[in-house]
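Below are two complexes that have subunit A in common, paired first with subunit B and then with subunit C.
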Partner chain A sequence: MIKSYKLRRGLANTFIYILLAVLGIIWVSPLAYLVIQSFNTGKEQIPQTLLPMAYGFDNYIALFTNIGSLNFPRWYLNTFVVACFSCVISTISVLMVAYAFSRLRFKSRKKFINVGMILGMFPGFMTMIAIYYLLKAMGLTQTLVALVICYSAGAGLGFQISKGFFDTIPRALDEAATIDGANKNQIFWKIILPMSKPIVVYTVLTSFIGPWTDFILAKIIMGDARDNYTVAIGLQQMVSLEFKTRYFKQFLSGSVLVAVPVTILFLKMQSYYVEGVTAGGVKG
Partner chain B sequence: MRYIDYMQLNPFQRFGYNLGKFFKKLPSNLARFFKFLGRAIVGFFVGIGKGIANYGKRFVKGDAGVKLSYLIFGFGNMVKGQVIKGLIFLLLEAAYICYMIFFGWGYMSKFGTLGTVKATTTLDPDGFPVTIPGDNSMLILLYGVVTIVISAVIFVIYIANTKSAYKQYEAKKNGEHIPGFKEEMHQFLDEKFHISLMSIPCLLIGCFTILPLIFMILIAFTSYDNAHLPPGNLFTWVGLENFKDLVSITEGANKASTFVNLAEWTIIWAIFATFSNYILGMIVALMINKKGIKLKALWRTLFVVVVAVPQFVSLLLMNQMLQTNGAINQLLSVITGAHQEIQFLNSTPLMARITVIIVNIWVGIPYTILITSGILMNIPADLYESATIDGAGPVKSFTKITLPYMLFVTTPYLITSFIGNINNFNVIYLLTNGGPSTEQFYQAGWTDILVTWLFKLTMNNQDYNLAAAVGILVFIVCATLSLITFNATKSAKDEEAFS
Partner chain C sequence: MKKIVALVLAAMMIVAVFASCGNSGETTSSGSADSGSTASSAESGTGFNVDVADFGEEKGATLKVWGPDAYVKLLKKQCDAFTKKFPDKGIKINVVAQGEDTAATNMLSDADAAADVFGFASDQLSRLVSAGVIAPVATKYAEAITASNLEAAVSASTLQNPKTKEDTLYAFPETGNGYYLVYDKSVVSDKDAGSLEAILADCKKAGKKFIMDAGNGYYSCVFAFTGGLKIDGLEDDGLTQKFNDYDEKQVVATLKAFSKLMHDYSGTFTSLDVANIASGFVSTGKKKSVCGAGIDGNWNSTPDQEALGDNFGATKLPTIEVNGKAQQMISMYGYKMIGVNNASKYPRTAQILAYYLSSEECQTQRCAELGWSPTNNTVVESDVAKKNVAISALVAQSEFSVAQVNIAQTFWDPMGNLGNKLIAEDTNPDKYDFTKLFKDTVSNIKDE
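On to the complex of A and B.
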């Protein structure tokens, strides 16, 4: 009896191993294809075989030296600069709002929280046309400043996850500090923030990754100003009908260069990501 | 049922009991929601009434300084010795008046009609065409909204000014200490710290979220389409005309039939995308987390890498791979031994739609694995053990234990991802761009969902009014779903459980 149970379990596990291996290959193979083909040095722009005939760094070199109308290094720099600035601004505003909602008690706090939630439910790009005209009135369209403003202006609305984190820090700490004569400003900077390193890291990483992955907003704001593109619209431009026959392999190598750092950052913070998405649902 | 009885139930009975309670309580919960809504509306008007009453009371009771501050901002503060605060109020008033005289009023006065003078072109004496600029409806609407928002802010400041004046008057009357400017500034680091923290984020959100939102909502009630584009043409208020266009069905490729068709596909898409990812993802997660399976971290990472790669990269790549000369067809050629040129994205609507859903499974399953792994491990093991003893196989365990448990725990996540799929712009736009295209629809292809249609309407066809109306309808659906979810989650009620 015991033997047959063991046998059955062994069979089931073997079956699961095979299934997982097959699924794993299916899931990873498109990405593997991307990486392998990015080293393809064959003559044809659009690879005609599943595996390249010859390997080399030609596509990567071309990406940085063969700068015609598509300036990938410039886009990379643009995205990096935008990401840095919007990361700083959004991190600060998210943490400030989250702290105020979580630790401070003031009139109409609940109303503010509810309004914030409802505002978050509008489809994001419904407002983009209006934002476009506002920026145009300020003379900012097609600039990187406009992108920074767009990415970081609404950041305060994403307070939920950080608020959830601050909620778990015992209030007794605040009270003790108040008795010792600290005001709320000092409590925020000297007690709560140093204790909240994980959530600060999470906020910094998400807001840094944002500009690397956003597509629509950048497209609306930048229009045809190719020099100010970010990597997302730039790479899409490379596979558009106009450029595909000349730039396809550079698109592959460019995608690898964008995907690698973002992937590493994401894998670092995946546990926070899970907490963030499931926050609220699982508790209690 | 008493607590002690509840504790004696096994987890499965508890679950059934809770589920029953949830449905039993549903009508009363709904009733409570509407009661709450009614109370909120009544409370709003009572609040306004009280505000007006207090406003009058302060004027009647206050001294000359208070009374004058009803006209001149900050006067009451200045006479009581708070010079800097008073000056700030006064400066704000002056700035607002200047703004209205030189800028705001010009736009406000035309807000009701959105402009009446068309731009005209005439010839100057030398025979060159000269354009005489007329009213620009778009700018009138935009700056009108800006002016209304600024006026609302100034009104709040005005009320704060009368309150502050009256407070200093009372303090003086009772012989209390009137705080100086430095003391008051210090309060912003302590009792009023929330104001210092919130003001800048609120300002940014006001400028770049609320203001554009009001603007777009108003556009849904105008005739701002490609036949009325400023600056050459004027548009005006049309009431509910755009919403009527979306629901009055007539023959041919019109807006209403497109809307109905796309709404239908959006819902089909959202249901398929959500549940296929949810159930398949959970099965894979179960396999990874099964007892006795080794290399769990490796299996999980294999899938999670797909989440980590930016979506636009993986979707653009997929789009390229699915082309007639792309990698998938090459692979099929190798397998079948014959040359294959299957048009995945551009042949029939059904083919394209199925392809989109399948690619979405590739994109989405890793998310489910990431999120459900932790919860799956929390399902009490004794449930499965007793099920096995009773002779249940893996399929039965899944449908009778795992699925009900997960549905109960992750309903909020499920609804969030349903909403996310209704708004799933990236997958559709980057993968198919709405194609295959068709003449049957107004500015849309077979795989377009409502939000990509919205995008195309604004970017390609400049039918801003229609796009705004679609956006509002999508919002209403999503907001209702989210509100139900939010009410159902416990964290909203238990936010102080840990502190």
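On to the complex of A and C.
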């Protein structure tokens, strides 16, 4: 047994730091590989060395200029448009649902909340085939509108965290506003929303990221309409059997670019995000 | 508010009901229409000759055609040429890029939204037929196709009709698809390329790799096929693989010979994805090429040629010495075919287009512009095909091959495992029980 407290602490810390460093390296290395190799301008199509022999922006340039049937700029724009629309629609609907459940008292309110919880438990891909046939019946398959509908239509079910946040805002404010003559709608827009920045930001973030990362639903809906693909399906197409040998490095640079808008949004709203998650969790 | 919501919901349901009715109605009507096109005389010869009467009453047809990305540009040109041949029919063709490897999956997921005419790889044929999504070739074209294409290609496109139990031609042959030996002429001489032992020795001397995807069933079946194993269709259940009467001792001896070479030349004989071959051939300034030779598919012939330039060599697979005798390596050889969607709204026009795309004219264009190996007898004998090194290699290899048709789903993984075991570092070829390995592989494929 080591007597010296200092030595003991030192040893323990060394051990912990080594462990953390190893874990950190394991965690970061795929990302580092992705970013570094995306600047690989070597002649070989699939990188053969751990570090590239030559660096440059060729892959990024090719991604936007060398357009065959794999049209990355188009996919990027598609995803951005879908993300913006579904972000706006689902943010508004989530907040409205949460407000209604938090502030209004109506018959079977508890039951609705429970039903919402239970529906939320079902995994999303369970209904995908049904969604596909419904969309087909409406003639909406292979369109971006279909994606916006799918991403935002059920968003209201994710009201729990926002409701938790609204519950923490004192009711006295509502009452004061009511005395001044505001109706429920005005209270929502003019009193509650300005006080709920963190939770608005949180909702915006989650609903904006959705379309960038969703693969299965988009794949089912889009089928062979390559011009309407989102980046997730498009990038997968780049490493499919048919294209892997020619597009691998462009796939890497494409993956880096996908992270850009999400990262920017995240950095801008980071401080609110943490606040939103923790604040929403205070009261259930 | 409630009223409005109720109205909207009701309207949506009505739209949905009507729309789905319309779709299903169309599918059934087109399905029956297509089998009727058996009348009048068949044109002979390999040229594309179609009676205008074949179109029946179809006019203003709009067809969707699937082709792989590399072929899309030429396919558009060919489709334009096709519409110009029948100007008064007002045909519109929409070419959509769709890989052949996933064609069947996409056809099966929703045939209504899929292409009318589509290219696919031959091993998907049985799936397409048993699901009933592919229309049989109309009888009058079937005769012409049978007469003008390589026998092996035609038999690969023929399957038993699940209902009538008759052998039926289901697809129009498009091109041959397989793998062969590619080598860097500065490493392996043309003479040495005939024998695996010499190739490996040359590669080792030059410090380069010999790359073969030995853990992938598509390539590793070479080990068993070279020993005399052959595929002999499926059992009546349509799922279980049948094999020929092979000589087990010979197969085991061959496996041992392969394994021994892999271990004698460990570090040279490398099991990697085929994509690494073209990349490995590249040498830039400081970095020298790492690959000397490999077993690669014809779809990679362009990158291979670009990487090696004048040093590009391609030929049939080499021989391997088994018990002192040189044995030719036997490969898996598949085809790409053109199919017609059974749910097509314009089945006759679709059939004629598919027929045109597999004609001598189109095959020659594909051969000249894309380097696709032809299946049409006349094109196979033409100068265009004979001058292309990669195509010649593929055609030469096709004589030593097992056709990639009627292969059970359970075939690939056990075969890949066999390859992995042969090359595994802890396998000692002098002591390892190859008989057991082979017996296990066969019984796993048969799913016993």
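In the analysis below, the second predicted complex is superposed on the first by the 258 of 284 C-alpha atoms of A that agree within 3 Å, B and C clash if a C-alpha of one lies under 4 Å from a C-alpha of the other, contacts with A are read in each partner's own complex, and residues count from 1 in each chain.
In the analysis below, a contact is a pair of C-beta atoms (placed from the backbone, for glycine too) under 8 Å apart; a residue touches a chain by one contact, two chains touch by 3 or more.
Nothing here was measured: the structure is a model prediction, and the numbers come from that model.
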| item | value |
| --- | --- |
| First (subunit B), second (subunit C), both or neither touched by A:19 | first |
| Touched partner set for A:270, first subunit B, second subunit C, both or neither | first |
| Partner chain in contact with A:216 - subunit B first, subunit C second, else both or neither | first |
| A:175 touches, of subunit B and subunit C: first, second, both or neither? | neither |
| Partner chain(s) touched by A:255 [first = subunit B, second = subunit C, both, neither] | first |
| First, second, both or neither for A:235, with subunit B first and subunit C second | first |
| Partner chain(s) touched by A:119 [first = subunit B, second = subunit C, both, neither] | first |
| Larger contact residue set on subunit A - subunit B or subunit C | B |
| Touching partner for A:226 - first (subunit B), second (subunit C), both, neither | second |
| On subunit A, positions contacted by subunit B and by subunit C | 46, 48-49, 133-134, 137, 220, 248 |
| Residues of subunit A touching subunit B in the complex | 9, 12-13, 16-17, 19-20, 23-24, 26-28, 30-31, 33-34, 46-50, 93, 96-97, 99-100, 104, 106, 109, 112, 117-119, 121-131, 133-134, 137, 149-150, 152-157, 164, 167-171, 183-186, 188, 212-213, 215-216, 220, 232, 235-236, 239, 248, 251, 255, 258-259, 262-264, 266-267, 270, 273-274, 277-284 |
| Subunit A residues within the subunit C interface of the complex | 42-46, 48-49, 53-54, 68-70, 132-134, 136-139, 141-142, 220, 223-226, 240-246, 248 |
| Of subunit C, residues touching subunit A in the complex | 12, 15-17, 19-20, 23, 66, 68-69, 72, 96-102, 106, 109-110, 112-115, 273, 275-276, 278-280, 282, 284, 286-287, 290, 300, 303, 307 |
| Residue ranges of subunit B in contact with subunit A within the complex | 138-139, 142, 189-191, 193-194, 196-198, 200-202, 204-205, 207-213, 215-216, 219, 284, 287-288, 290, 292-293, 299, 301-314, 316-321, 325, 327, 330-331, 334, 362, 365-366, 370-371, 374-375, 394, 409-413, 416, 419, 423, 425-426, 429-430, 451, 454-455, 458-459, 464, 467-468, 471, 474-475, 478-479, 482, 486, 489-492, 494-499 |
